[in-house]
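For reference, the structures are reproduced in the following blocks.
Look at the two complexes coming up: chain A is in both, with chain B in one and chain C in the other.
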Partner chain A sequence: MLGRGGEVIRLLPSASSSTTAIASTRGIANIPRWERHIRFDPAEGRKRPCQDVLDRFKRLNNGMWIRPVPGWHKQRYQKDEKWQTTSMYYETSTKDECEMLDRLMTPYWLKRRHYPDDPYKTYHVRHDLRSPRVDEKGNLLRERRKVLLEDSVADKYFHDR
Partner chain B sequence: MSGKDYARLVAMKYRSARSTPRINRPVRPRVIAWAGPKAFYPNRFYEIDRWYKARIDKPEKIPRLHIIEPSEFTRSIYEITSNDQGEIDIGFALKDEPKFSTKTDEQRVDLERKARRLELRIDLDQVRSEDIGIYHHYKIFEHLFGKGAYFHSVQQLNVAFGDIELYNGNIISATSLVNQPQIEIESIGSGGYSTFVLVNIDGNPFEEKPGEIVQWLIKDIPDGKGVDAGTEVLPYLQPIPFMGTGYHRMTALLFRHPKPIDFDFKLDKTLIGRVMKVSQFYKACEEQITPSAVRFCQTSYDLSCKKALHDLGMKSPIYSYEFNDALKPAQREFPVKPMPFNLYLDMYRDPKEMEEELLEERLKRAQITDYGAPKWLDPNYNDNKRDLAPWIHDRIIARKGRYTALYENMAQLAARSIFAALKKQVNVTGSFTARSLATEANPDDYGHYPDPLEHATGREKKMLLARLAGDDRYEPKVYYRAEHSTKEKPNLVPSHFQDRIVGCMCEPDSGHVNFMMVRKGTPKRCECGHWFKAIDADPESV
Partner chain C sequence: MAKPAKAAASSAERALRIVENSSRVRLQDLRDNIGARTLGKQQSNVHNQHGHTIGQLQHAAKPPLGWIWGDFFRPWQRMFPGTKLFNADINIRREYTPLSLIELARLIDLGWVDQKKPIDIVALCATRKFKIEPHLRQCGFDLTPEGADAWKYPVDIEVQWASQRTIAAVESAGGRIRTAYYDPESLRAAIDAKTWFQSGRPVPRRLAPPPSLVSYYSDPVNRGYLADVAEIEHARQRLSMTMGTTLPETTFDAVKHPKQVFNGLPPGAIVSLKDRKVFMPTHPDVRDYYEEGLRADKQYP
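After this line comes the complex of A and B, so read on.
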C-alpha cells in the first residue's frame, strides 16, 4: 500500500565520497544518475525493479497504476477547501505512464495478486468497458485470469469484461 | 498624383520625407466588405460620379412604427399588437358603492389621534376584499373559463367547513374538508336561481379525459332558500390531492340564472365520472347563466385522501419526480487527465452490484448487539487518518449520499419521512398550553402510524405479506454448517431468488457474523475456509 509518510531522504554513502556527506532530496529535478536508466543486477543476473516506483505508485491488477497527488502535503494550510479534498485523491496514470512503469518493474511485480480483505478488491477489474480484452498475442490485458469467452457470452455471464 | 491628391494623402509634416506615412487610401476600394461588390454596380437610383458613395442597394428595413395612444402607454407593445381581444368580463357589473366616506374635521382629528396611539382596530369580519388580483395570480379564471375571461364576485357566498371558511386561497388541510360544508348564499331578492359548483382544478389524473374534478354540484337553488332546496346533481366528495402533487386549488363557483337550467353532461359518482370541463359547461349554458361569486382554497395530501380513495375502491397513487441518471463521460481505459481512481471506476460499475456491496458492508458492521450508526464517526480517527489511505478512511466516516444505506433501512426511512410530513400538517392545538410526559395519542387527533404494508411495494410487500400469513420463507434462519466443506462439496443454501445473503459464524464462540452474498451457480468461499453455494429451494418446503 502507498505510505503517507514523510518524504524519502537519501543519504549518499559516506564511503564513496569521503570528503563530504551530502544530504540530497530526491525529487523530480534531482534524480541520481544511477536512477536514470533501468538497472541491471549482476548478482541476480537480471534487471532490478525501480524502488522509487514501488514507493510511490500502486499497480492494480488490471494494469492501472495509481498514485497520490504530487505535493498533496505541501503548504496545505494556505490552500483552498477544494484542494483539501481533491488533493487526497489517488489518481490514475496515463497509458504512456503505465507502460513506462511496467517496464521499470520485473515480472514479479506485474503478476496479478489477490489478498483477503483487500480494499482494492473491487477495482482490480474494469466494468462497462468495450475495448478489446486481449492484446495482439492473445494475452488477457487487464483482468483476472479466466477462460477467454466470446464477448457476447462473456457479457451474459460476467459483470466485467 | 495631382497636387490636390498629394495634399490630401500626405501629411504636411512629412512632405519632404522619402517615405511618407499614408493618412488616407490613394484609391477608393472597389469592394466594401459590408456592402459587397454590388454596391458599385450601376443602378437606377444613384449615378456613380465622384460624389458617389457605396450603398446597399437593398432598401434598409426600418422597424414598423406604432402609434400608441397616450392613455395606453402602460401596456407593452406586445399586448397592443397581439390579436387577443383582451379581457372579457363575463360576470355582473360591480355595484357602485362609495369607497371612501367623507369625514368631518373632528373625526379626522380623532382618527389621527387613534392612529398615533396605535388604537385603530380593524374588524376583519367587516372587511370584504373583492379584489380579483389573487384569482388572476393563481390563474383561476384562465384555467376555468379560458384566457382573458374574468368576473367579479357580486354576491355574498360563504362556504364553511365547520369553523374553517373558504376565502381567497387560504390553505386548508384535507382532513378538514372531509365533511360536506355549510353554504350561505346572499339573497338578491329578485327571484331567479343559483347553481353552485365546487371544483378541484388540479385534481384530474385522467389524461384521456381533460377537465376539472367536480366535488359538488347543486343546480337550481331558488333565491333566498338554502342549498337543500336545489337539485343535487353530484353529491359532495372531499377533494383528493394525490400524494406528491402539491397544493390543489379548490374553487367554489356560483352562477345565477332566471330559469331552471338543463344540461346533459354524463356525470356519476366515480372519480372519472366527476371530470367535467367547467368552460364547456359554461359554454353550453352561456345564454342563461352568469357567474356571480367565486371563492377558493388550497389543500394538499393528507391521510384522509388515502382513506377517501380506498372508499372509492381505488389505490392511493404516489407522484414523484423521475430524475434522469447523472450524465457521465464515456469511459476510457486510461483517462488522459488524472482521475480519482475509485470515483472514476465506481462511476461505471453496475449500481446494483454497488448496492449489494453496501448491503454486505451494512450487515458486517451492524451486529446483533449494536444496531444503528455508532455514536462517533470514527473512534480511531487519528490512527486511521495517519495509517489508512484517505479514500478508505472516507468510507469509514461517510454517512451521507449512498452511504446512508449503511446504517439506515431506506424503506423505513421513506415511511418515516412521510409520517413526519403528515404530522406537520395536522393542527397541533393542545401542545402549546401544557407540556407533560408524552402519552399515546388518540388516532383521531394525529391519525394512525402509517402501516408499512401500505407503503411497501414489490418484493418488500411480498415479504411482509408472507410474514403475516405465517410463512417464514423470507425470515432469517439459522442453519447448521457442515464440519468440512470444499469447493466441490459446499454447504448448500436454499434460495428462492438468484442469490441469498448468508452470514457465516466462522468461529462458534465469536459473536461476529461474516455476511456475504451467495449467487446461484457459483460456490463462494468464506474467509474461514467454508464453501457455500445457493441452490433452488423447494417451493413446497422451506
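After this line comes the complex of A and C, so read on.
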C-alpha cells in the first residue's frame, strides 16, 4: 500500500510495536498524576466528569450505556465478513458497568434529554423490566414524569416502560 | 535610697499605692508571659498513628477510577474506541421539553390552560408544570403525538417543534399550529414573565432563528412562523389528504409577530405590574432599536 509520500508502508504491525503495546502497562510509578485522585474543577468546585468515558460511551435515557466494539476500525480488510457487519453494532454495558460509569459522571450527564429527531429514540426505552422504577428519592429512573397523568392513563398512550 | 513619703499603714493601702503609681493597664499587660503556655509539636498525619505503623499498601498508588479487572493500573473504559457521534456535539445540540398531546388535553381539561386563547410558551410555562432552562440550550417545547387519536380541541397553539402526526392531529380537530423560534433571551422572559416584568427590564425583541434552523422555521411543511401564509395553507391541504382527514373551516386571529414575545406587548415595552401600566420607549435611538427588522440569533450555529 502507498503512503502519503508514495513510499510503501507496512500494514501489519511489527513485532516491536506489538510488544510495546503490551509493555505499556503502567507500574506504580507510571500512573499519571491526574489519575491518582478524583479531580475537582476549582472554578466549578466539584468533580469533573471522566473525559475518557464521554469520548467512548453514550448514556441512553434509561440509564443504559452503549459503546462501540473495541477495534472495529482496526485492519478491517483482513477480518471476515461476519466482523464487517457485527463490528458496526454498538454493545451494551452490564448493570455493574453502568453503575460504575454513572459514578464517573456528574449529575449533568445523568439527566434525561429529549431531542427531536433523535437517532437513538427507540433505544431510550426498555420494556418489561422488573427492577424498580424509582430511586430512593422517588424520582423516576428510566422514563420521564408525565404532567398531570396517572399511570393507568399514561400507559394507554405511552409505550415507555 | 529614697525613703517612701509615708509609711504604709496596711498592706491594702500599700497595694493601692502601687496601683496608683503604675501606668494604665493595656492589652499588652494582659498577655501571657513568654513561656507560660507551650504547644505540643504538631506531627504530620503519617507519623501520628498512636504507636501503629503504616504499611506499604496504604502508601501505594491506588488503581485509577473505573478499574474493573485485569491490568490493575489501566482503566477499563479506555479499552474502547472513541466515537464522535456520542457526545461530541452536546454543547451545540438543542434540547426541547417534550409535551404530548394527551398531556396538553389534560392541562386544558383541568383548566390550567385556556383553549379559547392562543396557547404559546408563555401560557404553558405559566402553569408552572414545566421547567425550561435556556442556559442549558433548552429551546422550548416539542409537541409529541402521543394521544393524537383522542385529540379534539380546536386550539391555536405555537410550539418550537412539532412532528407531522401532531400537526395533522391539531389541524384535523380544527386548530392552528405554528412552530416558532425563541432565542435564549426571549425565552428567559417568556418562561417567567412575572419575574421579568418585576425586574424592570423591557420586553426583548425576538431574534430570527440561527442559520441551522432557518430552513426548519421557514418550511410550510413544519408550519414554520417564517413561512408564507399561502404556502402553509397549501401544505395544510396536502397533509390532510395524506393523512386522510377532513379540514373544518376555521378562523383565527392574526399570529404573533416574529419579533414579539408576549401576545399584545410590543418589544421594548416596560410593564409595571403594580401600576398596571405599559410604558413605551420615547427616545428615537431606543425606538429604532426595537423597530428595526429581524436580526438573526448568532449565539449558537
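Here is the rule we use: the second predicted complex is superposed on the first by the 106 of 161 C-alpha atoms of A that agree within 3 Å, B and C clash if a C-alpha of one lies under 4 Å from a C-alpha of the other, contacts with A are read in each partner's own complex, and residues count from 1 in each chain.
One rule holds in what follows: contacts are C-beta pairs under 8 Å (C-beta built on N, C-alpha and C of every residue); 3 or more make two chains touch, one makes a residue touch a chain.
Keep in mind the model is a prediction, meaning the values are calculated, not measured.
In the superposed model, A:50 lies in contact with chain C only, and not with chain B.
By the touch criterion defined above, A:123 reaches chain B but does not reach chain C.
Judged by the touch definition given at the top, the superposed model places A:113 against chain C, while chain B stays out of reach. Annotation for chain A, partner touching more residues between chain B and chain C: C. In the superposed model, A:100 lies in contact with chain C only, and not with chain B. When both complexes are overlaid on chain A, the residue A:92 reaches chain B alone and has no touch with chain C.
Counting contacts by the rule stated earlier, residues 69, 116 of chain A appear in both its interface with chain B and its interface with chain C. Put simply, chain A touches chain B in their complex at residues 1-2, 4, 60, 64, 66, 69, 86, 88-95, 98, 116-117, 119, 122-123, 126-129, 131, 142, 159. Within the complex, the chain C residues that touch chain A are 60-62, 64-66, 68, 71, 73-83, 85-87, 93-100, 102-103, 106-107, 110, 112, 129-130, 142, 146-147, 150, 161, 163. Considering their complex, residues 331, 333-336, 338-345, 348-350, 353, 357, 386-387, 389-392, 394, 527 of chain B touch chain A. On chain A, the positions that touch chain C within their shared complex are 25-28, 30-31, 35-36, 38, 50, 52-58, 67-73, 96-97, 100-101, 103-104, 113-116, 144, 146-149, 153-154, 157-158.
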